[in-house]
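A, B, C and D are the chain letters, set down in written order, and residue numbers restart from 1 in every chain.
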Amino acid sequence: MRNDRLSLEEVARQVDAKALDYWALSDRIWAMPELAFEEHRSVAEQCAVLEREGFRITKNVAGIPTAFVAEYGQGGPVIGILGEYDALPELSQVSGLLQHEVVTQGAAGHGCGHNLLGAGSALAAAALKEALASEGIAGTVRYYGCPAEENGGGKSYMARAGLFDDLDVAFCWHPHVLNEVHATSSLAEIQVYFRFHGRATHAAHSPHMGRSALDAVELMNVGVNYMREHMPTDARVHYAITNTGGDAPNTVQAYAESLYSIRSPLLPDAQRLFARVKKIAEGAALMTETSVVVQIAGGSSNIVPNRVLQEIMYENICRIGPPAFDEADYSFAEKLREAALTEESLLASIAPRDPSLSSKILHDGVLALPAREEVEMGTTDVGDVSWIVPTVQCHTACFAIGTEFHTWQMVTQGKLPAAHKGMTLAAQIMAATAADCLRNPAILARAKAELKERLGSHSYVCPIPPDVTPDHLRKKPAKVV
Amino acid sequence: MRNDRLSLEEVARQVDAKALDYWALSDRIWAMPELAFEEHRSVAEQCAVLEREGFRITKNVAGIPTAFVAEYGQGGPVIGILGEYDALPELSQVSGLLQHEVVTQGAAGHGCGHNLLGAGSALAAAALKEALASEGIAGTVRYYGCPAEENGGGKSYMARAGLFDDLDVAFCWHPHVLNEVHATSSLAEIQVYFRFHGRATHAAHSPHMGRSALDAVELMNVGVNYMREHMPTDARVHYAITNTGGDAPNTVQAYAESLYSIRSPLLPDAQRLFARVKKIAEGAALMTETSVVVQIAGGSSNIVPNRVLQEIMYENICRIGPPAFDEADYSFAEKLREAALTEESLLASIAPRDPSLSSKILHDGVLALPAREEVEMGTTDVGDVSWIVPTVQCHTACFAIGTEFHTWQMVTQGKLPAAHKGMTLAAQIMAATAADCLRNPAILARAKAELKERLGSHSYVCPIPPDVTPDHLRKKPAKVV
Amino acid sequence: MRNDRLSLEEVARQVDAKALDYWALSDRIWAMPELAFEEHRSVAEQCAVLEREGFRITKNVAGIPTAFVAEYGQGGPVIGILGEYDALPELSQVSGLLQHEVVTQGAAGHGCGHNLLGAGSALAAAALKEALASEGIAGTVRYYGCPAEENGGGKSYMARAGLFDDLDVAFCWHPHVLNEVHATSSLAEIQVYFRFHGRATHAAHSPHMGRSALDAVELMNVGVNYMREHMPTDARVHYAITNTGGDAPNTVQAYAESLYSIRSPLLPDAQRLFARVKKIAEGAALMTETSVVVQIAGGSSNIVPNRVLQEIMYENICRIGPPAFDEADYSFAEKLREAALTEESLLASIAPRDPSLSSKILHDGVLALPAREEVEMGTTDVGDVSWIVPTVQCHTACFAIGTEFHTWQMVTQGKLPAAHKGMTLAAQIMAATAADCLRNPAILARAKAELKERLGSHSYVCPIPPDVTPDHLRKKPAKVV
Amino acid sequence: MRNDRLSLEEVARQVDAKALDYWALSDRIWAMPELAFEEHRSVAEQCAVLEREGFRITKNVAGIPTAFVAEYGQGGPVIGILGEYDALPELSQVSGLLQHEVVTQGAAGHGCGHNLLGAGSALAAAALKEALASEGIAGTVRYYGCPAEENGGGKSYMARAGLFDDLDVAFCWHPHVLNEVHATSSLAEIQVYFRFHGRATHAAHSPHMGRSALDAVELMNVGVNYMREHMPTDARVHYAITNTGGDAPNTVQAYAESLYSIRSPLLPDAQRLFARVKKIAEGAALMTETSVVVQIAGGSSNIVPNRVLQEIMYENICRIGPPAFDEADYSFAEKLREAALTEESLLASIAPRDPSLSSKILHDGVLALPAREEVEMGTTDVGDVSWIVPTVQCHTACFAIGTEFHTWQMVTQGKLPAAHKGMTLAAQIMAATAADCLRNPAILARAKAELKERLGSHSYVCPIPPDVTPDHLRKKPAKVV
């Protein structure tokens, strides 16, 4: 049906030609782990490489200093490739060790492989523009530098700012222990602070004069726990108490607050649930004669899967095949497995897929597209992009099976050869699928039709209200208590 | 200072002269125990006797079939004497036995001595009008037939109807194990139903479609228990769940209700607390997406003590002295003590007074007026009368020390000679104090001034709203569940 | 592959030949609706008919007066066919009306079609024994008269008594709006009373002396609502408060109890959850200084589906086809739809199947076997049988689409011709599938192998402990409060 | 009766002679505000002065670096005088200003006047030893340097170490706005941590695998709020949540803790209540499948008042009279009142005494000994001393009426002349009363007899268990979350 064997080879060749530079980029970012919204040095590294490739850079987009867009070409279909580069707190780890050993006490670490993610996506973008040029295909390639995936949802703010509105298709990937098209949906999420204000008094002398904000926080939680029976079982509501009003029991607490995460497979359902939780907060305020201020802290939409794109990407991942791991890769993975991966983590790293996969050291195959669409009980800000433009993602094996996210075991593998190989594969898959889309406009048309049908009467409305800026960029309020 | 020894003798003589008739009245009512608002036969007995005395009877007052007023004389000061006659459920008991033995299974019984209370007050009224007549003193004597003291608060409805508005002073008493002026205040109380309406559904199949009224009842209770820390410690809030929405766990409960009792030493404080409890109910409804209907079931004001009247009454009780119990009275009381009164009940029956009183079999003295005004942690509808007109009460020893209210032990003594003697004493004390008030207008003036001062800026507003009729007279709603 | 067309015809013929008698049996039972464990007259009617057919009857089995077994034949494979006959409270309804009109106020009604269920299963048993006899096939046919499916779980007690232990296969059916093999599993359930004992006291006078059993009930519920977040989402826990300790708010409640239903797709998981709920009850008792008595009230196992039997039954239902509804059947169903079936009930009656089915008036087809095994969020005591012996059920269309269970709309159709036709079909399907099993021992072997595999290391243990008798047969305890 | 006018004059003279030195000591300590258990420089200042007086100093007593004992004389009756010197956080204030102005941002300040308290008690001790010497009276004078009254209860640890065991009588005072013998009791208190340990998990992905320690903290609080109805109304239970398990809602909290304060007018009742709260904590752990560690953080006994000593002290305070405030003292107080004291604080500073006192600028009288012994709804570690040895305290006017404790308004007045005068008065009252005790052994005998009678069957057991060291001296545990 299609005669694009050559093109695939061309794309793969371009990726291979540039790989060394991007491995180095990934390794540099691994070594300067920066937290959400503070990825200034990582962004500088990325921009420098992409500028050298000839991309036009727009920095500080969506009002976020560490968000940027790099563009190449013009007109025609516009291809978006999404990159990330934020690290996680308290995950500092020496590279390539089989045991936990920090570089810098208390420092961050790339426990989710976003050094690879960003560099791999940039590599895909760079290779794609070469391939298009060499084949004379029109169009624009745009790389999105997306901050704060871990905590804050950079893409949601970028989506709110309209940065994805003129895209025709979007690609992303995530470093993983398996090779597969990412075919699951995710949970939409709203994060929201409930801030209660009461009246302080001495708790032994005149408790009847006080109105406890901490009581309100607790009663709200009781109310939410009662609501659980009467909400859909695929939704999630959980909370942290982020301010208890102080450590002194002898004062009735005049201020207290909680941070809620409200999730559902569909954003409108999450919003309906949020409305109920808000009523519970108001009920708790009524009960305690306190007042409550509700402040959205962030939010992400669920992923709208795109079967049309998944199938094209699946063809490509099958044709390219798994990374070519060598003896050394296997040897390290096996030693790590013995030293630091538990039976539990072996199963957890591949769940909910076939448990027999856990017998493998490194994934040497490609998983089939699942017959049935499942919801993964987690959230990503890629969801917001997928409401605006047909979006598809893949996973490639960068780590030993048994490596769980957000662990030092993942950090220690983040710049080893196996990780580089997985990243190269991901760039090839994304670039090849993008090339298919550009060469065959019918794919884009079908993908857009699917998105339209899936959304039905809904259209994208950012779950973060217009006046909310990223929590981490905001000046912290003066301590109230 | 006063030269009324003779009058006291005259009053006492009049009481003695009529006592036999009223003992018989008391005994007849003992034998026909009727529950709150259903005291039709007891009222007929009372009215028959008072009509024979020449009182003008007005029946069915305040819209209550078993409330009546009996009046004698005209103009001048108007003296009110309050009577009661309602019994208690499940207290049927053979008279004069030393062990529990019912007359009729499941029937009511006079476990609070209201047979004596009503007959004793009527005796006081009848004796007073004779004494006044014989001394040529002008004035009106009015006996109030008050239903439903135990459960419903007949006097509160009568007060709401304005029946006590033209009184100059009011008297009441209660059969007891001790002789004393009743000098404590009581708690104002509001009884109120919180009726929650939700949405039923199958609790296993589609719990997310249901909105549980039972959840709302429970969350309201949680809210109230949190409020306890922040309300005055002399207030009381307690509740029963009067409808749980059914016995089937597999249905989300569409209806549920609770009955709250909210009490405080001062009625305005009880009302303030009620407003807070109402907010908690509304909060619980908000939390559960149910609706709540708040319906006052009844209410009584706190007693406003009147020291002026207490002191006059105290003089009279001292001059008349305790009942003249004889050998037989002591013998029965002693046997009952051995057979059926526990150490605990001996102390409870006299608490919180001097525990050494528990060594006595029958009270052969008179307790001193307490130096400090205390609040008794209970409620009576005499409270409403005391907000409108200076009111005073006494206790007289009708029962063996150790007899607790609302027990068969009280019922069994309800028509024995000792009870008759205590009742006669009460009639003498009330009539003598009333006579003092009539002969000495300065007393009434001082008593009224004291009431005015105690109320300050407050004036009587019935705790039961105008549109609420007694719960027990209302047609029961069709069962909702 | 199989040459049993003739046999199917023979079975169908036998069913048709006897149908009139069993329609009459069903109609008589419809007209004498009896509640769970009180089905004495219904049992007498059933036994009379089966005795006339030559079945040997054993009454009063498993210690339950309305449970019986009717047996025919001997040796060889033993076929069990399960029947029910209990009605539901408050569902009295005139037959064949288009609007709600009760026969007897407050009376029961066959709102779940168990009049048809029992008669249809008896018809299958009777037809089967004739067919076997005419074909000379050895074996035993056993009809189980099972009481109290709606409330009490008669079959669970019968299973505990070992009555199904020697069966080779069991069949059941349920009257429905659709024709299909019943291929879903159900929830295992444990019903359990938590009875709390505290200490009464006057709630205004001395609340600190009381220990509230009602507090304990409420705190247990709070605890369970907190547990919801941390239990599997496919489990269910719900409750009713069955004794609140009285309607008087002025007494601290000395006794209170709740009835919990704890369900899970697998019985062992339900039992694990029960253990957690029990800890919560103990925690609530600790918190309130009360004591708790835990008493199992009943329980049912989940259904273990049997794919082998489902496929055989599916072949038969396809070959026999849907009931032959005529003009009059359609006409009544259409009028009922207009008069008394809402859009909501149209969808609910067929959920979670394809919503487009709701456009039909009566089901004129047969639904395909679902590809994926689902759990129905409800419970039936057929589950217990299915743990002991391979069990299969079907649904046949007896009622208009849009008719929901436990409604007068179902009662009104319970003896109309359409219901009779659906019942006849069910008897044919069960008898034909049973005949297949008898003729082809390999089916039974495969079915048993499947059951064994599905149970794995588990074996049947009745969820109702040995010392628990049916709640409804027990003498009610004297009222505690 | 007594001939000690001269002695009083002698004592007063000795105090006056030394006053300047101790005012300077007080002022130095005011200027180096140190928090609980960190009062190293303040202790050094105190010791230096007392050493110069000839006292023998023992430092680092009871295992606390800032606790010390200074002793003079030997044998005979042993007189204890208690001093304090700890400051409060965040109360830095420039001296003598009429508005709030900090010296050092975030620094501590003497918001409770302990600079005066310590210096005044030391002055009393120094003057007493001179007076005794000049009169040739035998005995020992001992000054106790007591740290951490505000937060930690230094005296309770010192009492536990037996440091007060050989005392015959103890004196203390507190700077105040009024002149009076301190005749109220206080609440005994137990402070205790409840530390819950659960199991973390991802709150969206696998909440059923987690066991929430935060749930346990919340459920414990719910349980305690339910207990409130059933505990004595004069007890107090209040709490702070001191660790919520982290700010991330997406993790089920594996650790959480609360700090409870449990108080009652009598220590044994506080301990009984503590036992109930502990059961509630265990109940919450049971409910959530978490575990709980209960750790006492501190505790103080209630004050056992001593009427014998109060009456002697009252005689002395009457004879000496109020401080001799001059025009300048009044002028400053009046300006402060206008600038910075609200109507509310005027009333609060003298509550619950006669509100008409609020019309005064500085207290120019002496309050009468109250007729009835009241409980002040607060806690002090003087309570522990009062269980061991007859103890008495006074208040003297050091501050303008309307000055509340723990405010900058108190700090600003802490080294003004009025404060010095009040401190001098307190030293005279304590020294004079101590002298009376020494001269008249019968007083000590009667005071001891009263203590014995009040304790009845109880004897002092420190509310802090033997193995608990002061919270503030302990090495903080590594952060668990």
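What we mean here is this: a contact is a pair of C-beta atoms (placed from the backbone, for glycine too) under 8 Å apart; a residue touches a chain by one contact, two chains touch by 3 or more.
Everything numeric in this text was worked out from a predicted model, so none of it was measured.
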Distance-maximising chain from chain D - centres being C-alpha averages: C
Which of A-D and A-C has more C-beta pairs touching across its chains: A-D
Interface residue overlap between copies chain B and chain C, same or different (over half shared): same
Mean-CA-position distance for chain D and chain C (Å): 70
Centre-to-centre distance between chain D and chain A (centres being mean Cα positions), rounded to whole Å: 55
Inter-centroid spacing, chain C versus chain A (mean Cα positions, whole Å): 47
Residues of chain C touching at least two other chains: 203, 207, 218, 222, 226, 229, 233, 238, 252
Chain contact graph, described as a line, ring, star, complete graph or other shape: complete
Chain C to chain B touching residues, read off their complex: 187, 191, 202-207, 214, 218, 221-222, 236, 238-242, 244-253, 259-261, 263, 376-379
Contact set on chain A toward chain B in their complex: 203, 207-212, 215, 218-219, 222-223, 226-227, 229-233, 252, 276, 279-280, 282-289
Residue numbers on chain C that touch chain A, as the complex places them: 222, 225-226, 228-229, 233-234, 237-238, 372
